[in-house]
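Several structures are given next for inspection.
Next come two complexes built around chain A: one with chain B, the other with chain C.
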Partner chain A sequence: MRETEANRSSRACGTAAESVEIPVGEGLKGWSKRVKRKIITPKSIPYLLYLPCFIVTVGILYPFFRSVYFSFTDYNLTYRTASFIGLENYVEMLISSDFWNSVRVTLTYAFSATTIELALGFAMALLLLKPIGGRTIYRAIILLPFMIPPVIEAIMMRLMLAPVIGVVNYLGSFVGMPRLGWFGEANTAMFSVVLIDVHNFTPFAAIILLAGLQSLPSRPFEAARVDGASSWFIFRKLTLPLLKPVIYVVILFRLIESLIMFDMIYAGTKGGPAKATMSLHVNAYYHAMRWTMMGEAFVQLVILWAVVFVCSFIIVRAWRRALGKRLI
Partner chain B sequence: MLRKGLRISAIVLVLLWTCFPIYWMVLMSFKTPTDVTHYPPKFIFKPTLSNWENVLLGRKWTGTHYETVQMEVLRYFKNSLIIAIGATALALILGMPAAYSLARYKFFRKEDFAFTLLSFKFAPALLVVFGLYAIYQSLKLYDTYIGLILIHQLILLPFVVWMMRSYFAAVPIEVEQAARVDGFSWWGVFSRVTLPLVKPAIAATSVVAFIYSWNEFLFGYVLAGDASRPVTPSLLGFISYERVLWGQMAAAATLAMVPSVLLSLFIQRYVVAGLSFGAVRG
Partner chain C sequence: MMRKRLLICCLVIVGMFFFTLDSFAAEKWMQGPEVANVKWTVRQGETLTIGLNKHPFTESLRPLIPEFEALTGIRVAYIILPEQEYFEKLLIDLSSGAGVFDVYMTSPMFEWRYQYAGWIEDLWPYYNNPELSDKEWYNRDDFITTVMNANNWDGTIGGGMGTGRWNAIPVMVEYYVQAYREDLRKKWGLTVPKDYNEWLDVVTKANEAGGKDFFGIVERGIRSWSTVHSGYFTGFNSWGQKDLNEKLKAAIHTKRAKEFTKIWVKGLQEAGPPGWPTYTWYDAKQSFAAGRFYMYNDCDFFAASYEDPEKSVVAGKVGYALPPAGPDGRIVSNMWTWSLAMSSLSKHKEAAWLFLQWATARKTMIDSTIKHNNFNPTRRSIWNDSQVVEKVRPWGSRPGEYKDVVDVLYDKYGDIRWTPNPDVTTVGDLWCDALHESYARQKSVEKALDDSAKRINRVMKKWRMALGIKD
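On to the complex of A and B.
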């Protein structure tokens, strides 16, 4: 029974061998079979498989390009009018100091968060590599912060880092840490937001790097140790190159996600104080929601998207090159 | 000996750093409002269950009787479950064939297709949200499960496709060819040979996709009203102009973390494989 079923559907798929067996003109059933054979051919299978996913993603292009179009208009929510004004919004943005402040904030935030997460994640991974007790338990515990939604993390941290009643300043006072303003002061706000990003997402980096370290082949390391190579040399010449694909995945995800981070900054500082943490994404939100200047908002979002696109393109290419023949 | 001591203290430090905020949050959920904002912060206090009563039963003990309150965390929790599971399932159904196609066949501008798909995940959410809001209003998708599932699955889809692609590619093509020679149809090979081989990958992908959907904030905040609001954006409801209900928010946030934590404890190996995007096979 199973065999005949398999046979029948293989015929529908149109492999060359049994094409002779199909009787012509068997009524509706035969007709539908022939249509099926016409559509489902070995050549069309890859496209047919990709089609559902493609259709769904094309759906999102409509609101996406609508937004891109609005970045060329003076669309204003209050007046509900939108007339085409060309590049005026872009020019206006490029000469406004607010915009450049946001660019600086976005890049500082993304690059410092990614760098710290990568370094700290690596340190944590190396620390947990040699088993002490159950590694599984450490892994589970270390992964915990990743389960906190970023919004909640930011709000909870706002209480913990409160300048006067916060528990962090309180505990810090025992080890001689000066009382910091954290989110409340312009010069510590950026540091604080990066700190909660690091707390939330270092587990991600650490766990991936740990898994990568565990999957490395042991042969080259033994050989290097027999030859008397120093552990720094081994790390630089063996571990890092072999781990490259994994490192790229960490950089890709962390860099991109922190470039477009909205939840944490909005819930943590709302872009303040004095625009010290006003990233492009948050700034666009204010332009749209508070000042109803959709055109300006969309310009910033489109520029942010372009930055993200270029960054991800470069990293993905490097990643694929590092993987070499291991994938596809 | 010294080295071992250093290592252990470093590990303790790391565990403190990761766990302390969560510990503090759970502690806060058992505090009365005065204890929460007390200075110096209280580590030892008289625990109260009233936050949890409020969150789980939707009512507050006022001393003489139960007073019903508005926050319905459990309902939002259920909304989140429906949306996250629905979106994960839909993303898998749509994404797996596409992933298989990308992994197994050569076709026109394949890499461009794959990268464009990935770049959707990296578009700033607001860029789509504003346009989507108007569309959802006119299509009556605003504040419905279906609307939220559709947009959530869309942000999960690139992840699912790229993940599953690397796993499908790791299945040796000879296995499939052998099954083909044994008389299996194309569909037979896919469903009886390839799919069982990538089962762990499917588990990994769905767990991580679930967590991503669960933690998502902006779409649930803008595109959902009260009826279908997921639990993560709903937690902002504890913040009002007059006060922040810290204790209740901590209880609700702890509750909201439970599914992800359970998933990651029981199938942690898969989570690791899932997070690494297929570069590491847990």
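On to the complex of A and C.
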């Protein structure tokens, strides 16, 4: 009986071995050549080249449109419901004072952080442009805060700015500074989170602007100096207009990043106190990850996306215009 | 005569036999897991992942885990995160269906949500399985009734606690007391507050007497239900107030609720540290232990840290008292209990039950309390154990003060004061906004509570509709 089974299996192996001997390799090669010839035609090449980009776009757009869809539902993780409720979430949100507070906080945070970073970054870039000794070392040092992850930066600053045990209040007391609540008081919390954003991201603005300044053509500046133009005149009439495209790039990056800022605010204040730093993103996080109200959370994120889109659109248009003028 | 003697002898022998048997039975539940009639090795080779919050209980459990691994052959991996991050990570794990955690730390307020979402396993079937459990050895009745009941819920919105599903097993319990600096109280001639007006008076005076770097009061303050839960809710409820009324509408803005909240907020404004809303319970505990505050109305078990000279500069200087009474003389305390639960998504449910049974058995829990400071224990026999009594005896302004205070809280004043419903933490978060807004003087206490009540009512609307409750 065993022998018979062994024979059978050996025959089976033999059959399999025989089938392997068929010149599959060559067959496959021929088949793939035929397929290639049929698929890769002059007409199809543009579409095929576009395909990876299309896949990536779908990969991005699918979750986006899914989120937009969920914003029209009562999607709740706890009750696992996702019934379509039309504009109810949007209406509830638009009549809620909390929502408008979040819009105000988001815009205040983004515009103040971007403005300060741009101004300080510009000043730093101009300083770093001067031919001073150890310039390369300064440039490396100035980048250090940018290398700190935002969450770490926020936690570090929270410890330093702690009202009772923080080092800032302690050192401030020697110069008569009143004890401040920093992250813990509604009137100083926004200033505190903007401060950590500025500390973290000003180097980014400075480095981009420095690169922009270094790339400016030297001839117009030499001509202006020969004509006896003052430094202020040169700055106003030459440096700024020529640097405009770079400035717009800095504004674009920093504004988008600040509008969607989550980690620094959440790690610093958790949106408090008294909702003084409750940005749209943080508010959406509370709705989604603490209260499981995904529908309401997606409304806020969709609106945030719209704000970011409009701002980006305006800045990119201005950037194109500035670039066009510079080329002329 | 002979027969009579023989009969007496027989009776004595039989009596002794039953006595020995009885004492043997009584001692079985006090012994280690090796005497339990449980097949501990039935799930040998499996690996459990446990989600733990950064908490003294976690620190007390970790050193004991190798004993479980040796007993069962089950490997235990654990993830420890700070409280807020822990709950968020857990929510992601459960709601996404990932099921990373087989066992996790939780509490009744979260169990109510998880039960509705189907993320928490009912423990009764495992407990009733004779292959997996030894009821006599486990002795479920040893748990303090209110604490164990808090982990049972039948799903009734607004009630039903103590019946129905068994969601989790309590591993520590906390009540809220007045912890104050007894040395400074004597020095400054202050009293131990008996009601909240006196409380305000005392903390304000202590704040004035303490000077520039010392404050009269600290409370937890971050934007979270937990800020409401401890000292504030304890006082709020002693004034006869509830979070929700029987129609499931917010009741945080009644006249009395506003009166009490005014006192509480005034205390924080006038005697608290700047930046109160940044204080977590952990920050406040550390700062109190560092000698920066006169009073902290929070967890009783923080005494274990305050009284440890290695961690605290106030060891031996702290007094513990029951919470102040409400206007009608009513004393209550809210309650929080950390519990261990089994995830419904676990792929190792029997192994998870073996772990739960082992971790909450008397032997493990007494080791965690005596050797590793897990306070307060949830088993009555452990709380009354002579070694535990001896350990806590020095805590307080007089010997045995801490034990006396907690005894009354266990038996009389301590219980969960929240209205059971799955959205309870959302209610707490929104309520906390009112405290922050009035503390920041953005709104009056009245307006802030009214506004929060409206928001809470919006959240609870679905339940009123589902249950057919008319406004």
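What we mean here is this: the second predicted complex is superposed on the first by the 272 of 328 C-alpha atoms of A that agree within 3 Å, B and C clash if a C-alpha of one lies under 4 Å from a C-alpha of the other, contacts with A are read in each partner's own complex, and residues count from 1 in each chain.
Following the convention adopted for this analysis, a residue touches a chain if its C-beta (ideal position, glycine included) is under 8 Å from a C-beta of that chain, and two chains touch if they have at least 3 such contacts.
Because the structure is predicted, anything quoted here is derived from the model rather than measured.
By the touch criterion stated above, A:164 is placed in contact with chain B and with chain C alike. When the two structures are aligned on the shared chain, A:286 is found in touch with chain C, with no touch to chain B.
By the touch criterion defined above, A:32 lies against neither chain B nor chain C after alignment on the C-alpha atoms of chain A. Once the two complexes are overlaid on the shared chain, A:98 sits against chain C while remaining clear of chain B. Shared-chain residue A:297: touches chain B; no touch with chain C.
Judged by the touch definition given at the top, the superposed model places A:274 against chain C, while chain B stays out of reach. Of the two partner chains, chain C is the only one that A:184 touches; chain B does not reach it. A count of residues in chain A touched by chain B and by chain C gives the higher number to B. Common to the chain B-facing and chain C-facing surfaces of chain A are residues 164-165. Interface residues of chain A, counted against chain B in their complex, comprise 3, 6-10, 12-13, 15, 45-47, 49-50, 52-54, 56-57, 59-60, 62-64, 66-67, 124, 127-128, 130, 132, 136, 138-153, 155-157, 159-160, 164-167, 170, 199, 202-204, 207-208, 210-212, 214-215, 245-246, 249, 253, 256, 260, 262-263, 267, 280-281, 284-285, 288, 294, 297-298, 301-302, 304-305, 308-309, 312-313, 316, 323, 327-328. Those residues of chain B that touch chain A in the complex are listed here as 7-8, 10-11, 14-15, 17-19, 21-22, 24-25, 28, 36-41, 94-95, 97-98, 100-107, 113, 115-120, 122-128, 130-132, 135, 153-154, 157, 161, 165-166, 169, 183-188, 211, 214-215, 217-218, 232-233, 235-236, 239, 244, 246, 249-250, 253, 256-257, 260-261, 264-265, 268, 271-273, 275-282.
Of all residues in chain C, only 84, 87-88, 91-92, 95, 113, 116-117, 213, 215, 221-224, 273-279, 283, 287, 290, 292, 422-423, 425-426, 429, 433, 436-437, 439-440, 442, 451, 455, 458-459 touch chain A in the complex they form. Within the complex, the chain A residues that touch chain C are 77-80, 92, 97-98, 158, 162-165, 179-187, 269-276, 286, 289-293.
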